[in-house]
Structure formats: structure tokens, C-alpha cells
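The structure appears right after this line, and notes come after that.
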Amino acid sequence: MAFFEAENISISFGGIRALNRVSFDVHEGEIFSIIGPNGAGKTTVFNCINRFYDLDQGSFCLENHDLSRIKPHAVADMGIARTFQNIELFKNMTVLDNLILGRHCRRRTNFLKETFFVRAVRDQEIESREKTEEIIDFLDLEAYREQLVLNLPYGVQKTVELGRALAMDPRLLLLDEPSSGLNVEETDDLSFWMSDIKEELGITILLVEHNVGFVQQISDRVLALNFGEVITHGSPKEVLSHPEVMKAYLGEEDDAS
Amino acid sequence: MDVVNEVLQTVLSGISIGCVYGLVALGFVLIYKATEVINFAQGELLMLGAFISYSLIHMLNFSYLAALVVTIIVMGLLGMLLERSVLRLLVGEPVYAIVIVTIGMSFFFRSVVSMIPGWGTDTHGFQTPFTDKIARKGDLVISWEHLSIILITIALILILFSFFRYTRIGTAMRATSQNQLAAVYMGISVTKVFSLTWTIAAALGGIGGILLSPITFVHMNMGFIGLKAFPAAVLGGFGSLPGAIVGGVIIGITESLAGFYLPRGWKDVAAWIILIGVLIIRPQGLFGIQEKKKV
Amino acid sequence: MRFLMKTDYYQDIQLFKYRSTFFWYLSLVMACLILPLLLDEYLLAQLTFICIYAVAAVGLMLLTGYTGQVSMGHAAFFAIGSYTSAILTSKGIPFVLALPTAGIMAGGVGIVIGRPILHLTGLYLAIATMGFAFIVDEILVRWESLTRGNLGFYVDPPSIGPLTFDTEISFYYLSLVILILTLFAARNILRSPTGRAMIAIRDSEVAAEAMGINLAKFKTIAFIISAFFTGIAGSLYAHKLFFINPESYTIILSIELLAMVIIGGLGSLHGAVFGAAFFILLPQVIIMTKDSLPKYIQEQTGLEPALFGLLIVLVMLFEPMGIYGRWLKTKYYFEMFPLYKKDSFKREKKYQKTERR
């Protein structure tokens, strides 16, 4: 059984089939990319995994646990973390608070204990703080610790979102277009971080991307979608030289004339 | 036959009050759609319209029709003045700041009215061409006051509908309510649209006031009826103009029936119970659109 | 400019950021304790009311300012707290039990009110809470066997053990202590995972859910906590006035509480206290300056609310961030002096619907 498996996922919005019997599997510890033109349904896959939508058909499993019907907030407990295409940070909080919030799913106290701020709460807070410091170290965010997120530059915000996802101690990381809006240097940093995440932290990464060069550089395996259906999957080289994939991205020769 | 008549009469008076609620709600939703301001002072605009028409009819001996026209003009100007002097300064500020400003305005109007000689804290009434006139259809007895409200509201709705549908300014207003920035790029003077919105909304409030006066009489706390306009607007689905009227009518009918058939105290509460019930089942109101944030 | 050199993670979460902050607050508390010796009874009573309304405002602030759930029906919780405490003490139950029970009762009703309307947002939620407040108000009037309806209810002065708080001074101290405890509890909640979850819900529900925050659970908790504190304030209110009837708990009170919270400064506990102070002190200021106005205007009963409304409008026009906002800006100016940059707090104005969300 693969680490993460999606089987025949289908969902429609109104009359439009956003996803049509999409199946793929992800091995543990690998970086798996989903590519496809705009509107192919890539982010929809993520939103389904996060249980923001209910599937019409199909299921997905993490290590044999069927996750197709759990509540949206239970997804985090299962070890799945996510970043968003348009940054969904908590803008009025500091970077530190955003990261500490990532630790929420590992919380062991209840709100009565917290009202009185008993020893257990204090220890948990300090432990969260230590863990987030490790992430700040990892992503070089020291300079931005106490700053409000809404004042930060776009690239840094994206990094904070990645950090927040990492703070959740995930086993599977969903990254939605992590390199969009980043310049060359920031994209390089990102690819280094992603290999570090894979090798040092052992986290499996599921990636939605447009930047084909980035995908080629970093992925172990790739899935190509178009109009909600799977075109092909395999190694980056295979997929990116597949004629259907090229047609989806670049169009046929006839269109050019 | 009597029971049916009774029910019909109750429903009809409910519809007429509901029309007034609907008019206030309409002004309210209009402002919200165009400018995203939640106008807590809409009820007070109704009250001001009532007082102005009272003064015109009672103290200056205007005819009902003349008073109606003058009230509309005066209230419209007041709306424009409010927008120019107060609301324009708050463009772009967070929603809650603007809400507090309108709340403050409502306090202010209510109290100022109590200080004006001849108005004060008393309750006043005035004669309309419809006072004490009734219409009969078989056994059914309807007062012309109620009927006039319904007819005038229908006329207003038709006028507004054509205005928004067929005139350039109306279309410009609809465009602005969808996307202010795009409207600016298209050359629409958004500030003029705002002024016009407030003018129309204030005028609607004023008409509501003059229509309501024969039924509830003119007093400074009339604005609380404006509070009923909120559930009307919400019931219809916020941001939906026809929804505001429909919501108002539903609430009017509910109140009327509850007041007649249920024990004391249910009348005030019935409307709210219906509203909460609807919202639990349909969080966006009857005609509203559910906007879930897309990620 | 001050820099805090931190050597310990605990410094991040402690209550007071700088040593000096602690001493400032300590001296403030000392000053509050000595005030009764300097002020006459009337002003002392006003201060007591500030404490009471501040507790209620803290409750509303936690719900609206921190969790982003607007409530226009908090007068209902206030009323439930008042009546619960009044009824229980009239049946002989000691105040020391009646007070928390008032809070718990209000919290219980908070669950009943909060749970079904959790999925509503913004204005819909506000109107639904307004509806609940009207319903509770009507219940209080009609359930005459319990509340004596419009006739009103006489309330005994509170007593804890041998102490009876029936003087102005003693009640003032009681309210002050409860306010301090409330602020302490609120602060604890806000620096803990629950508080962060609440703020997360305000800032981005979608992301909060993705982080594992159970929206329904935390919104309900926020409602319960908020109702609890407001109920406690209601209980104090009842015991202060000795006589309560449903007329004190109308929609106007709900709107006033909301205005308190916004004018004080949305999103801060200081704002709750500042807002309460503003609302109680402003009428006093108006009364004091009334004498300088021409006689005709002076005699009008409508003058005070008119000026009140006008002042609310002016405050919001000049400082949308509220009193605490202005306080922070002033503090920042002095901290940065002489390097203060003129438009440090200029916010980008948001014109589009999508941006405001």
C-alpha cells in the first residue's frame, strides 16, 4: 500500500466536472508534483484532501486510513499540513504567533486549564516556542519574528506560511504553488528547503506547481492533469516530454498559425 | 367566511406594515450594496420624514401630495448632506468604524428631534386623504390607509426597478455596487454614485415615514421600527433589493397574525423567531448568495 | 527606543513585557485603591459602573474583538446574569455562589444561542444575536412568576461571609477586584492556545480549519466565555442598583456595549476598559459643561444623548482605531522620539469587497 493514495476522486460544481476519476499514489518520503494548465483542477485536489469539499465519488487514504469523510479540522490531526495559493496567513498576528498556531493540533490542554494558566499550559507554551524556534532557524526567519505579517514582503510571507505548515509536525505536506510570485533567488532557496524537508525531516511532499523548471529540478514523480482528468504520470522527464502534456500547455501546431 | 375575512384583513394590514418595513430595508440594502456601509440611522431617517411631513401638513397646511413631494426632496437633500459631510470622510475605513458613526447619527437625530419646538417628545398625528376611509369588497373591510401604503410601495418598486434597469445612472450604480475600483476605471464617478445612493435611501426612509404616520403616529422613537428593517433585509438575503421588500412583507404578515392570534408578547418576538429559523436553515437569507471564500 | 534583551522563552509569554510595565500597572491599582478616600460618593459610584461595564465589555471584546463574531445581543447575557443573581440571592443562596452561577447561567444560554448560529457571518450573525436578545427580553417580561415581569425585582445587597457590600466604597472594591480577576483570566486565555485559536478564526477561518482548529468548538467556547463574563457583570449591576426590571436590558444596551468595545479600541483588553470609561464619564462631562450653554438648550433632556451621539461620530472620524489605538500611537511617538516618521500608522485604505473580508 502506498503512503498516500487517491482513488477515482470525482467532484462537480454545478454542471462542471472539476475532477473526473483522478487516481494517483504517493510513496513515503518522496516529492510528488501535480502539474497542469489553469483550471485543470489541481487546487481542487488539495481542497478535497483538506475536506473543504465533499467528494462526489472516490476516496483517499493516508497509510490505509480512509480520510474521505472526516471533518475538515481533523485533517491536521492526521498529519497533513497545507499552504495556500493566495497566502492565508493570520495577517494581524506576528510571525511568531502564526508559527506557534501551527502547533495547535498538538495541543494537550483544555481551555479551563488555560484560563488559570497552570503549569502544564506554561510548559506547553514553552515547548511550542522551542519547536517554532527550530523552524525559524531552518527557514532563516529570525529577522521577522516579532513583525506583523501584514507588513512583510510577499516572499517572506510565503516562507512564513511554509514554516507554519512545518510547525504542524506533518507527515504529508501539501504545497499549493509555492514558487509563484518568487524571484529566482527565492525559488532557489525554496528548492533547497524542500530537499532539506525531504531528507532531514523525512516529510512527504505533495506539490502543485506551474513552474515547469522547478518541477523538473525537485520532483521525484509527476502527475499531469487537464480538465480534471489525468493525462499521465511518471518521472519528471517522462511526463514533461509526453505529447499530451505539451499540447495542454503549449497548444498544437495548428493553433499557432 | 368570517374567519377567512378575519385572516385576510389581518394579513392585509400585515402586508401594509410589511411594506413600510420593506421600504426602510430597501433603503438600508441600497446603501449597503453600493457603499458597504451598514446604516443604523435608517430608522431615524424614517422618523425625520414623518416629522417633516407632519410639520408641513399640520403647521403649514400643505396638502398631502405637496407634503409628500417636499418631504421626498428635503430628505433626499439631507441624505446627500450626510453623505458629503460625514460618510465621505470614512471611505476606506474599516467597517466597524462606519457602523459606529451611523449609530452615533441615530442617537443624535433622535435627541435633536426631541429638542425642536413643536416636535419634542410628544406623539403627533395628522390627516391624510386616506384617514378613516375604508374599502369594501363583499364582507371584507380594508382601510384605505393600509391600502394606500401597499399601492404606493408597489409604485415605488416599479419606479426603482425601471430606474436601475433602464437608466444609465441606475446601471452605473449597479456597477459600482459590484466593484468600486472597476467602476472608477470605467469613468463612473463613484462619489456621485454614493451621493445618489444616500439621497435615494434617505428619500425612501422619508416616504416610509409619511406612509407609516397614520398608523403608528409621529413620535421620536419611531426609529425603532427601523430596527425591524434589519431582520427584513437579512431575511430577504442581504444585498438583494427585491429580497428586502419580500422580507419586510413576511415580517409584517407574521407580526400581524401573531398579534391577532397568539397571546400577548408573541407579536414582537414572532418576527425574530422566524428570522432565526430561516437563517439556521439558509444562512444567506431567502434570496442571498452564499459567498464562501475560495482558496 | 527600548529593546528587550530576552534570555528565556518565558519572557515571551509572561504577562508584562517589561519590568516597568508591571510597576506602572501596580501603581495604577494602588491609585484605584486609594481613590475612594479622595472622591465623593457620586463619582465613586460612577467608577463602580465603569468597573461593571468594563467586565461586560471584556466579555464582548473576547467575542467580537478577538474572535471576530459580532454580537448585537449581549444585553441578553447581562440581563440573565442580573436576574439569576437577583433570584438566587432572594432565595437565600449566598452571593459568593450566586455570582459565578449567574455567569454560568449566562454561559449556558450562550451555548444555546451560539451553537445554532455558528455558521453565520458578519451582519447575519449580528442580526441573529439581536433577535435572541429580543426573545430573551420578552421572556423576562412574560415569565412573571420568576422575574415579576415589568413590576421589577428587588435585589439584596451582596454579602460574602461577614462582609456586606452595601456601601458605595465596599461595592467599589468588590467591583474593582472582580474587574482585575476578569482581566487576568482574559489575558491568560489570550496568551494560550485557545486565545490564539480565537484570533485565528477572526483572521482566516479557512486557514484556521486547516491548522486543526475546530471552528464550531472554538466559536462556541468564545460565546460561552463572553457570556460568562457579561453575566458576572450583570450580577454586579443588579446588586448595585437594588432594583431591576426588563427595561434596563433593551437593544440600546446591546448597541452601547458594542459601541463601547469599538470606541475603546477593537482587539485589545485595554479597549474594553477605555470604552467603558468613555461611556460612563462622557455624560458626566456633558453635564458639567452644560452650564456654559444658553439656558434654552441647557434645559432639554435630549441634549445629553444628542451630544453623546455627536461625540461618538467625532471620535470615530478622527480615530477609527479607537481610544486604545490613539494611546498606542501616542506611546509609539514618544518611544521613537525624535525619529518618529509622520505616517507610521497610515493604513492602506481598502476599497474592494474582497479586500475587506
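Note that the chains are named A, B and C in the order they appear, and that numbering of residues resets to 1 at the start of each chain.
In the analysis below, a residue touches a chain if its C-beta (ideal position, glycine included) is under 8 Å from a C-beta of that chain, and two chains touch if they have at least 3 such contacts.
What you are looking at is a predicted structure, and each value in this text was computed from that prediction instead of being measured.
Judged by contacting C-beta pairs, the busier of the interfaces B-C and A-C is B-C.
When chain centres are defined as mean Cα coordinates, A lies farthest from chain B.
Central chain assignment: C. Criterion: smallest distance from chain C-alpha mean to the mean of all protein C-alpha atoms. One simple way to say how far apart two chains are is to compare their mean CA positions; for chain A and chain B this gives 49 Å. Each chain gets a centre from the mean of its Cα atoms; for chain B and chain C, those two points are 32 Å apart.
Distance from the chain A centre to the chain C centre is 40 Å, each centre being the mean of its Cα atoms. In chain C, 206 are the positions where the chain touches two or more neighbouring chains simultaneously.
Those residues of chain A in touch with two or more other chains are numbered 52, 84, 88. The set of chain B residues touching two or more other chains comprises 295. Residue ranges on chain A touching chain B, taken from their complex, read 43, 47, 52, 84-86, 88.
Chain contact summary for the complex, chain B toward chain A: residues 295.
Residues 36, 38, 40, 86, 89-101, 103-115, 121, 179-181, 224, 227, 230-231, 234, 238, 264-265, 268-269, 272-273, 275-276, 279-280, 283-285, 293, 295 of chain B touch chain C in their complex. Listing the residues of chain A that touch chain C in their complex gives 50, 52, 71-77, 81-82, 84, 88-93, 96-97, 100-105, 107, 109, 111, 114-117, 121-122, 124-126, 129-130, 133, 164, 168.
For chain C in complex with chain A, the residues that touch the partner chain are 9-10, 12-13, 185, 188-189, 191-197, 199-200, 202-204, 206-215, 221, 225, 267.
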